[in-house]
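Presented below are the structures under discussion, each in the form of structure tokens.
Each of the next two complexes has chain A plus one more chain, namely chain B in the first and chain C in the second.
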Partner chain A sequence: MGDGLRATAWKLLLGYLPPSRDLWEKELIENRLKYAKLKEELLVSPSQLTRKKVGALSYCDHPADGVVAGPLKRHEISEEDHPLSLGKASVWHQYFQHTETAEQIDRDLQRTHPDLKFFSGDSSFSRKHRESMRSILLLFAKLNPVIRYVQGMNEVLAPIYYVFSTDTNEQNAANAEADSFSCFVRLLSDSVDHFCEQLDNSAVGILSTLSRLSELLKANDEELWRHLEFTTKVKPQYYAFRWITLLLTQEFNFQCIMRIWDSLLSSPYETLQDMLLKICCAMLLCLKSRLLSGDFVANLKLLQNYPDINIEHLLQVARDLSSDPSTYRLSLTL
Partner chain B sequence: MVLVLALGDLHIPHRAPDLPAKFKSMLVPGKIQHIICTGNLCIKEVHDYLKTLCPDLHIARGEYDEETRYPETKTLTIGQFKLGLCHGHQVIPWGDLDSLAMLQRQLDVDILVTGHTHQFTAYKHEGGVVINPGSASGAFSSITYDVNPSFVLMDIDGLRVVVYVYELIDGEVKVDKIDFKKTTAAHSAH
Partner chain C sequence: MEEEVGGEEYLFKVVLIGDSAVGKSNLLSRFARNEFDPNNKATIGVEFLTQELEIDGKMVKAQIWDTAGQERFRAVTSAYYRGAVGALIVYDISRKTTFESVKRWLDELTTHCETTVARMLVGNKCDLEDIRDVSVEDGKSLAEEEGLFFMETSALNATNVQTAFEMVIREIYSNVSRKVLNSDSYKAELSVNRVNLVKNGADSRKSRMNLSCCAG
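And now, the complex of A and B:
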């Protein structure tokens, strides 16, 4: 799929662009403006914020190299308006609370796709991209104080931001940051519960999703399921956690990830999560013979370092899977 | 946005046991990028404490400092500003603006930070700005009566500096601010 097409397709599939083409321009302008405003509100340093508050700088009768000599005027300020304030409402205090998050984000961005010049290295090109991604992730963390930033979110953002930045339409490419933010939020809202530790054991948490993967495997290939679950005790928690939470971004090379995401986002009959589980199941089925002949150690090693395979074949297997285990059971009893 | 802590004349342990608790609770690591200290710490423990707040620590020698190897004066560039540091006991008359202005011109800096008088002051003259952060511990001084503990935190942002003055008055921390800017960028005469 051409670079320009993919970006637009993903925007449509994620619901960022409305179905009616006439409304695209309006939506884009509005959303991009919203993003710029958010950045202004939440990502500006407290220094700049205080500068704005003061407005047309009434203090600026104090150029340091002016001729008027004498004591500099002191202005009283509130308990919250200074950098060392510990007050919860202080913009300074809030700013520093996020430095730890910002540092984690920076560390993770340094490690994102080290083999790709787009993301990695010292060029101003890659630095600009990391800056943009940093803004997106930091903004997300600030807007979602419960989840904040979790390691791996950078990996989920990367394909989106890459695809939008490499859009052949210049206008779109220039606004990749704003568009990526919105689409990242949409994509993540689907799987955000997986990132929340407190929800791990709940019906919407990661463990529940992992057991659905087991069920899906059982429904489609009981032999393999039995071999993994019972004979070799290779449970999904050991290998599929990362597959699911990071939407397979760690298991394949970058080009393959984009191809997989094309299918993931465009599946007409099921939700993204369901399609994801089907692909995970297909990943197991495609390695069936190797898995059947492997023990715990061998299988785990294999699944945690998924080998190169033909992606089109993988996706075809996924599409052909029976999705509802109960239909399978129904046909048996007939 | 670069935060620079300026403080000095602590005279620990001879004239004061420690920084006031209310100051210590605010001075936490991770917020400050540079510390410039006017001197008279006086002991290594104070040096080590300041280092925990921020690894980039600059100290000028006060006449009572145990460490004899601190320099008499120091200059450094932070962003668009050149800063100079000197304890001030060498500049006579003590605290005299004209004499300090001369030192400032000699050091060729935009902001001169000195101490010794244990009294916070911030002056502007045609050569730049002179700031005295006072005594962070409120140590007594032969020059100044009723010393209120004080220190300064500068927010250097482009061509603008916001000086936050922290004073402990009657047990409460009072914060003022002073705003000034340069009209021209620093020439890089290295």
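And now, the complex of A and C:
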């Protein structure tokens, strides 16, 4: 799929672009403006903010002749907002927390697809890409204070940002940051619970999703399921935690990731999560004979370093699977 | 303990813990494969490697679990601590905050695996002398306070990496063989599980010697 086409398709599939083409331009302009405003409001440091407020005032306050008499004017800062204030609501407290998050994001962006020049290295374009991704992740962290930034979000953002900024339409490519932000939020809305520690043990948390994978495997291949879970005790937590939270972005090369995402985003009759679980299950089935002859160590090493595979075949196996029995049951009771 | 396989005489589970980006994964790849990747991806969940060593003429297989550093993953990764009999608690000598987290990691370890007997504090990235943020003395004294082995390492230039892992594994081995000498029932248990350790953690903690050994 050409990259311009893929970018548009993903935007449509994620609901960022409305179905009617006539509305696209208006929608895009509005969203990009909204993003710029949000960024300005949330990603500016308190001192810049103070200076800004003062700057805005000085138009009317400044003496016409420009002579400053008496004590120099100082910035008005409430006690609450002093940098040494311990108050949780202090803008500085929030800012320091923000700095910690920013540092974590920077460390992870340095190691996002280190094999691709687009993301890594010292070139001006890779720096620019990291800078944009940093803004997106920081903004997400600020808007979602309970979750903030979790390692791995960088990996989930990378394919979106890559596809949008290599769009053949120059205007779209130039606005990749704004568009990626909205699509990243939309994409995570379906799986953000996996990033949330408080939900680990809930029905929507990662542990529950992992057991759904186990159920799905059992329903489709009880022999393999038994061998993994009981004979070799290779539990889904050991290998599929990363598969699921990162939407498979660390398991395959970049071209394959994008191909897999085409399927994840476009499965017509099920949610992204259901399709993801099917692909994970297919990944196990495709290695069945090796897994059946492997012990704990061999199987875990194999699954943590998934081998090269024909992606079209993998996706076909995934599509042919019967559905996750637990979702099926759920839909019957509704 | 439940996942032993193969015909080795001993199989020990060791965990690598510490804040994110302190170099855990590179310590492991240096130890197991003699490799260093300056652009290692962040570890999500756990990764796993094995390495064989010969101690006193016996084959010892170490199963080393490398964990994600970010706080969010603790609830999930702590499940992997089960059955661990050794731990390397890693910080980055050029980032003080990672050293300040060591106590929290120790608490974490105590909570989730009371049987862990061999623990080593590792100050990694000791090649970054120019931007050192934690002194060797601070590392040593924390290790003494907590009853840990201590070593500064560099996964980048391989300083002390082999030694650090070996020391932990030898300590586990000596704990196990001491126990074997003392208890027939323990011996029986050991032959079943092969990864087994001192049940009475406090006991062994008292008898353990502190060993400090630093680069630079």
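The rule we apply is simple: the second predicted complex is superposed on the first by the 290 of 334 C-alpha atoms of A that agree within 3 Å, B and C clash if a C-alpha of one lies under 4 Å from a C-alpha of the other, contacts with A are read in each partner's own complex, and residues count from 1 in each chain.
Throughout what follows, a contact is a pair of C-beta atoms (placed from the backbone, for glycine too) under 8 Å apart; a residue touches a chain by one contact, two chains touch by 3 or more.
Quick caveat, the model's predicted, so the values are computed rather than measured.
**Student:** Identify the partner contact of A:Thr99: answer first if only chain B is touched, second if only chain C is, both if each is, neither if none is.
**Tutor:** After superposing on A, A:Thr99 lies in contact with chain B but is clear of chain C.
**Student:** After the superposition on A, what does A:Lys233 contact: first (chain B), second (chain C), both or neither?
**Tutor:** second
**Student:** Quick one: is A:Gly152 in contact with chain B, with chain C, with both, or with neither? Answer first, second, both or neither.
**Tutor:** Touch status of A:Gly152: second partner only.
**Student:** Taking the superposition as given, does A:Gln250 touch the first partner, chain B, the second, chain C, both, or neither?
**Tutor:** Second partner only, chain C.
**Student:** Have a look at where A:Gly4 lands relative to chain B and chain C in the superposition and call it first, second, both or neither.
**Tutor:** Touch status of A:Gly4: no partner.
**Student:** Intersection of chain A residues contacting chain B with those contacting chain C?
**Tutor:** In chain A, no position sits in both the chain B and chain C interfaces.
**Student:** Can you name the residues of chain A that touch chain B in the complex?
**Tutor:** By the definition above, chain A touches chain B via 45-48, 50-51, 54, 57, 59-60, 62-77, 79, 81-86, 96, 99.
**Student:** Which chain C residues qualify as touching chain A in the complex?
**Tutor:** 2-6, 20-21, 37, 39-42, 44-50, 63, 68-76, 79-80
**Student:** Spell out the residues on chain B that touch chain A in their complex, using ranges where they run on.
**Tutor:** Residues 1, 3, 25-27, 30-31, 97, 110-111, 121-126, 128-129, 153, 155, 157, 160-166, 174-184 of chain B touch chain A in their complex.
**Student:** Within the complex, which stretch of chain A touches chain C?
**Tutor:** Interface residues on chain A, with respect to chain C: 104, 107-108, 110-112, 114-115, 120, 150-152, 154-155, 195, 197, 200, 206-207, 232-234, 237-238, 241-242, 245-246, 250, 295-297, 300-301, 304.
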